[in-house]
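Below: one structure, written as structure tokens.
As written, the chains take the letters A, B and C, and residue 1 is the first residue of each chain.
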Amino acid sequence: MDLLWLYAQALVDGLLAGVMYSLVALGFVLIFKASGVLNFAQGAMVFMAGLTFVSLMELGLHPALAGLATVAVMVALALAVERVVLRPLVNQPPIILFMATIGLTFIVEGATLSVWGSTPKLLELGDPYAAFEVGELYIVYSEFYAAIAVAALVIALALFFNKTRIGRALRAVADDHQAALSVGIPLTTIWVVVWSVAGVVALVAGIVWGGRLGVQFSLALLALKALPVLILGGFTSIPGAIVGGLLVGAGEKLAEVYMSETFGLGGVENFFPYLMAMLFLMVRPQGLFGERIIERV
Amino acid sequence: MTPVERQIGDVLLDASGISLGFGAVRALQDVSVEVREGEILAIIGPNGAGKTSLLNVINGIYKPQSGHIRFRGRERRRYKPAEVAREGIARTFQNVALFKGMTTLDNIMTGRNMQVRSGLLAQALYWGPALKNELAHRLAVERVIDFLEIQSIRKTPVGRLPYGLQKRVELGRALAAEPKLLLLDEPMAGMNVEEKEDMSRFILDVNDEFGTTIVLIEHDMGVVMDISDRVVVLDYGIKIADGTPDVVRADRDVIEAYLGVSH
Amino acid sequence: MLYRESGQFKTSYVRDQAIFPIAQDRWGLFLLLLFAAVGVPLIANEYWLGSILIPFLIFSLAALGLNLLTGYAGQLSLGTAGFMAVGAFATYNLVVRIPEMPILLAFVLAGLIAAGVGLLFGLPSLRIKGFYLAVATLAAQFTIEWVLTSFGWFTNYDASGVISAPPIVILGYAFDTAVSRYLLTLGIVVLLALVAKNLVRGAIGRSWMAVRDMDVAAEVIGIRLYRTKLLAFAVSSFYCGIAGALWAFLYLGTVEPQAFDLNRSFQVLFMIIVGGLGSILGSFLGAAFIVLLPILLNNAAVLLGGQVRADTLSNLELIVFGGLIVFFLIVEPHGLARLWQIAKEKLRLWPFPY
């Protein structure tokens, strides 16, 4: 294949993979906006939701029913997290909360593995390799549909935030916790709602990713790539998460192809996003879409 | 209580034509202030007048969009708080800004950190010159502790102290740096009458005994009129008056700003 | 009643600034060290020395390193294992390429190389803090892992990408038994712990804590933020680098880059959270706890239900670790070290607490 087509293919693959990163990053942003917590456990939640869904289907449940049951599980998780982790740690410095979510990650992973076992499970969503061609580009159907699913999810979330009562309350909380409290918005309810929504987003991500890679433990690690996405896009911006995801996906795949074509070095995609984010941070700490931070004393 | 003969000297700090804004908000507009060696200067004004912003510019936290600052005859080029501190400007904050995880002693000791000369290896061994250096600083800090009468809370983590004492420890930390110019942002906010009297006494003593020049922001007019040599009044980021307490008290603009007389 | 400070008067600031101002503490530590150096080698068997005590000591050192950076200077790092890997592979290359290099010197140089790498990845700390910085340290973790696996040079072109420690000989004495390796590790760790204690009780430690507690106020009092943070990165990485070198040379013998993966970083982070952020003692307590917990769980499981499947146990371990982290962050953010301190306060006043 022509070198140009090779890069074009890498770009397309990267953008499609980026969609997945965006999806996980979206979960991070939701929680960060409403509670100022950077939820390290989002990746573990993707793994949990995906594995629960697949396992329920394997038990013979109808996909729709399995989906509903998984949503229920994620809401239960949100309730538990609010009660056991967030409420006792309210007013603690963000870094403490962040470390607590690292602890949460381990609990979620351990519990999921204990219940469903550690064997990778296949999610049958039609032929994973079926593809259509544009010029010399291969585009796999499942990834293409995933991109559409993400777009739909983003639109749904935007409507949720702008049109519903609870959505507006959420944005109020994101702007100013104290002020939101003083006009009578119940903070704890808001937290449960965002963590539940993040759980649903995790389910979508789990299904999309699981359909592509099988549902297995490495999903949780792969989801870590949402962190550089957040840095590029800014922690508080939904469009930022989308653009950041696409940038990271395209960047890592292009870097991978470039390095292996030029130097014969593989595996660059494993660390490239983090390095890219780190260098980016030094130039623009607030991200592409984040608000400028003015320090007050 | 006022010392018999205090020497007000030359201009120590000269801030001229300072303008500062955040986006559309104008915090300071063409403000010029001179601080003379040995004086106590009070900055007053309604909330949001730009008093704290002015202090932040003086000690290098904010870089003004225009204007010059000369301190001890030298024009300032770099707005970096740590470098400004090393030139001899210390300060306290409106909301107590102590190091919460540390004891009173350690908090005040940090005030002397910039004078510590021993290197990494010497400190790692905690021996010889490094130890001697450390003990010399400890001695200086103990003098500050005695001066502020906080011997009994030396080893108490500052987080456990009542508010009034925290303010005093913060003053101690600034004093330990032996500054030429001391900036105090509402040193008596939230204090009761007795605590205010104590704090006033400390401020006057610092000025008197160490010859430290002091700029302070304060809302309590009684205190301001009592202890300051000169008063600067800010309103909406503009300097509207500058003079002795008596002159300022009688100024029409000042009365309007405070009583809200319509223009 | 034995733990009393009455009658012990501190007549100089030297005495008051000592690490252990109370005589009983000094004696206690002395006895503990004596026991560790003489008693333990007499009692402990090969398994205890080689599989529990040596890794415990090395973990303590790594935890100490991370604690300087995270607990004292307030900069969260998820790249600890990466810096350990740098130390291990640097030592290996130093001794392989310069055969006359004394091993102790190689450890020190490897620590300095790790410090240099730490400095490099600490550069973003100028502009960013909190979890933004944590992501930069993730970059360190993954980049280092990749570099060490991708370039054969680092493993001296070993076919399976593994480095093997040559025999360790210092001044003609070969450290080839578990006891001797244990004593060497103990010596290095105790020495470095003392150095760490000196650093944190002096001006450098105060600068670190000041930056951690309130960076603006620290700057205003003349502390140069950037230098202070970078120094913390360098010193911390130095410690982690030496820990990594010991891990490869005195504990495992042969090691691959994957031995220093992200999970290892988390393991060390857990040690300082459980042991106590900003506490030298806590680094040791946390390391002991995290090393012993799986063994305890295993034994408990065997006692309760006979045979337990290995993966069930490791899943359980994840849950218990995670739960402990959350528990300690909520209940006692200063960790086991704080609990120990409280116990001592109580003991000082016992039996007349008022």
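We adopt the following convention: contacts are C-beta pairs under 8 Å (C-beta built on N, C-alpha and C of every residue); 3 or more make two chains touch, one makes a residue touch a chain.
Predicted, not measured: the structure shown is a model, and the values here were computed from it.
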item: Touch-network distance, chain B to chain C, counted in steps; value: 1
item: Distance-maximising chain from chain C - centres being C-alpha averages; value: B
item: Interchain centroid distance [CA atoms averaged], chain B/chain C, Å; value: 41
item: Chain centre separation in whole Å, for chain B relative to chain A (CA means); value: 47
item: Centroid spacing, where centroids are CA-atom means, of chain A and chain C in whole angstrom; value: 33
item: Two or more partner chains touched - positions in chain B; value: 61, 93, 97
item: Residues of chain A engaged with two or more neighbouring chains; value: 295, 297
item: Per-residue multi-chain contacts in chain C, two or more chains; value: 216
item: Chain C residues within the chain B interface of the complex; value: 13-14, 17, 195, 198-199, 201-204, 206-207, 209-210, 212-214, 216-225, 231, 235, 278
item: Residues of chain B defined as touching chain C within the complex; value: 59, 61, 80-82, 85-86, 90-91, 93, 97-102, 106, 109-114, 116, 118, 120, 123-126, 130-131, 134-135, 137-139, 142, 173-174, 177
item: In the complex with chain A, residue positions of chain C that touch it; value: 74, 76, 121, 123-124, 126-128, 130-132, 134-136, 138-139, 141-143, 145-146, 149-150, 216, 262, 266, 269, 273, 311-312, 315-326, 329-330, 333
item: Chain C-facing residues of chain A, complex; value: 38, 84-85, 88-89, 92, 94-96, 98-100, 102-111, 113-114, 118, 221, 224, 227-228, 230-231, 265-268, 270-271, 274-275, 277-278, 281-282, 285, 295, 297
